[in-house]
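The letters A, B, C and D name the chains in turn, as written, and every chain counts its residues from 1.
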């Protein structure tokens, strides 16, 4: 997590490790679950599933179009495939296959996209996906989720495997502080109020929800009580909660570890414009490629730190109050 | 086992299959003319392939299209849907009258294949190059099953083999030794806008498949005996750890002279009068009683927005 | 055009014919312009360029990934490539190549996407792109345009070829009534007020601008004076005009022949939420695959007829006026 | 013309190139260790290839990187950037000290290749399988030019050749008879997470290229004489209408025993002490004076967030 200074000992594990654990747990329960990989399993950590269920792990080499086509075929035979690769290769390299072989017929395929948002390795722009939320949201019938912490990820995965039809969810490599307890569950189209507040709503998804919490903590010092709402289910969106919270506070910020064009910010403003127009500021990558760098530097560089969220909240409030 | 006489079909069987191939062509013309959209050339070129597969070599139960033991066929060149729908209607998957709902909003026969609405379709498609991967996935899936004797067929276009996805799938099929996967290439020499050889040549084609680890059979794709022989070998003789491709040399538009090897008829909807002439030519060519377009006198119910190209 | 009953004689030509004419015109002026095709030139009508400049036309066969890679290579050698295919294959099949080989280095490649929005042939869902606006908008630095008529298309193409860096523009197969005169020019980030009005703003792009005009005509009967703004330049967007018009009228409708998720509707609501939150209704494909069918039936089926736009305008006004 | 003695390099020239290959490996380790990210295995395996190309066979002007007449090289396996950057630094495209800005925000050497910031890079990359198409585009572009003698080289990984895009480009290169296009496959037998043979086999590999219409040369990719000979043939003997591929058999991680054929070192950043040992091993192996990691005592300036995998 950007700027996290929690001690190594009590630290929650990297989200990809939580991903691996949940995969194995689900593999135990679901005999028809098959994990597929395109030469990245020790990065994505699907290697844990391979170790536990070698017969239900399929390696396709460096061929992502084939990866998703094969997954479609397996789904057609009644299996529950989980084709895994970096998000860029699901959302860009094999998008036509994801769209037409999988999504168009509504097949039961669960797609994790790893390496999302700001570069969590130094691989840079080509490997870190900032368009996946916009892209996947645009596919009819595709469900899209971005977990707020490890418990949320596990819950998303459980729900995804129990949901017929295609699902895309993001797996960051960042280590994210715990927000939800182990009893946490995930329901499509349901958001979560993480902190109640009355002055401004901070809508976060993925790792950004934690940064919204930290922003809210700093705003308290100024006497601003921000409501933090986690929108792990990006599509379908919890429109009722979005509208209710934003109507109540009268202004909002959206925060996503992705492009601000077409992603969560769009999902929220689309709905608010239709039902409860209030001032909204968006936090995310502002139409720029994301280069290699240190992760904390990158969050600063792209204006995505808690302080940036807090500043955006103040701008939204000023706009609401007509004082800008 | 399949009855055969010295590598040749019994005459009655050949006649039966020839009549089916003829009907596939007829229904394709009816469908495309009424729907005012569709691909004649690539439907005609695979008429015999479809007849031999659906009516002789594939084990299917049209009345129970999801029967586990069935052989699966994926039409990767999904724009050839009229030919496929014709074969499936004739085989009994749905009433023949449904062909007139081809491309209609709410109909069961979508322009490109949509498996959610057509009983018996084994995949959805449209973009070229994807079907073989789906077939590989199905073949891998079958391996997990208790009785994995079913086979997976996949029909590809020759122009389609320009697509890299085809070669990714080909590599994977060989890697996983999927000898219950049989690809059939409708090698009709023409893609959408010209000859394959001119636009993006694929020769030496058999060499490519061999180099990708496949067993190759090359046949005249309009010769029912040759096709039968190839699928017989694919079933009983060749399988020993390699996927099998039948390269079927065909004529795009086979059956109507104006359409033969003519990319103009890759996708073009004839008007009623033209369809009528085409159907009569087909009857003459294949030795059936003279019969024209069944709806010649009905006004086309839809705009001919997409008249060609 | 949906429901158009103009006589065949005075009818403007299909937009793809205007596309072909503009290509040839530009080919005459720009010796370094090269058109590439992936086996669709007589559909897209790049065949006209091939006939005029056979040496500057490159056929790559049915291989869209290669199409865009080759275009990148040509641009790197100083040429001005125009790789042409159906929009689905630019926005989905070859998206990684478009993104990384072309857009990331900012190469001077102009990408026309044909077969956009509701099926203009009966090819159906797999061939008609409703995600391209969302997808292309999400690529950093990509410019995106959708022409309102043939003159606009020509102007977009002239500007695109004169713009360094990547451009994506849409080419519909519909025949669109003339909105702009032959002297019309196109500037990135500039919208056009087509009809002035004070009661509601109809923001259209592509063929939908014409339908907005027809909607505005029907609204007049009810005494509603709708402003129609054409946003041919979707990215960059004319934020000043969007904000000014919507602030003045106090409510708006967006209309695009594309998915309402992440496209023009998002672009407009993103900006309005940030600068001038007012009620907005979106017209477009509502997260559904678009099936084969008659074009007029399809516009009705998807609620994209002028009457649907007019109804949306009334809803937006009612929302503004608190009467809903 | 290039001086050669009976198919072998003059000893002094061989020594010169060997020293460069050695320096490429050294700088790669320095870069990856300081940047705490990068791909050692695939940088080591192509050290000789890069030395022979940049220092003997390619006609380039580092001081004028955009010189029209230059030979172009595209690194399709763009994760091998440390090796490439090392070669380019040594060749004079930018100061050697720049290697310590590798992967730094604002540096000129991006993790994967970003041509907008590195002088002399001929493409941007990162996703595998794309570079050959760009090379085809460049080669086609050169044909339009007044003096089209420049050649286009493209280095591919072996695992990368699973990608369908490679075969689309291969088909196009043959179709357009691009004999001034030379692909070099760094056939180091290992991809990211295992052996190519295990994960998705590409053999019979030379057959694949031949079936796609290419002229094939197979060499020991660490043998400077063999590489020189191959590029000599590619220039003076083979060109007659077919693109040429040099399949260079290499060892992934070549030079440091622990890294050889070991996918653990596909991408893994050593800590300073490990780097120091690696560099001393390289010196011993290639017969150069003992020399360790130059920044052993400097604290690593950045978080080691991405320690491996």
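A few remarks follow.
Simple rule for what comes next: a contact is a pair of C-beta atoms (placed from the backbone, for glycine too) under 8 Å apart; a residue touches a chain by one contact, two chains touch by 3 or more.
Because the structure is a prediction, the values reported are computed rather than measured.
Shared contact partners of chain A and chain B, listed by label: C, D. Taking each chain's centre as the mean of its C-alpha atoms, chain B lies 36 Å from chain C. Once the centre of each chain is set as its mean CA position, chain A and chain C turn out to be 30 Å apart. Chain C and chain D have Cα centroids separated by 42 Å.
Shared interface positions of chain A, defined as residues touching 2 or more other chains, are 60-61, 63, 65-66, 88-89, 92-93, 96, 100, 104, 125-126.
The multi-chain contact residues of chain D, meaning those touching 2 or more other chains, are 114, 124-127, 129, 162-165, 168, 171-172, 175, 200.
If you draw each protein chain as a dot and join the dots that touch, every dot ends up joined to every other dot. Against chain B, the residues of chain D that register as touching in their complex are 129, 162-168, 171-172, 174-175, 200-202, 204, 207-208, 210-213.
Partner chain C is touched in their complex by these residues of chain A: 88-89, 91-93, 95-96, 99-100, 104, 125-126, 130-131, 134-135, 137-141, 235, 259-263, 265-270, 272-274, 277-282, 285, 287-289. For chain C in complex with chain B, the residues that touch the partner chain are 37, 39-43, 47, 59-63, 65-66, 88-89, 92-93, 119-127, 291-298, 301.
Listing the residues of chain C that touch chain D in their complex gives 58, 60-61, 63, 65-66, 68-79, 81, 96-97, 100-101, 104-106.
The residues of chain D lying in touch with chain A in their complex are 35-38, 78-79, 103-107, 110-112, 114, 124-129, 159-160, 162-164, 191-194, 196, 198-200, 302-303, 305-306, 309.
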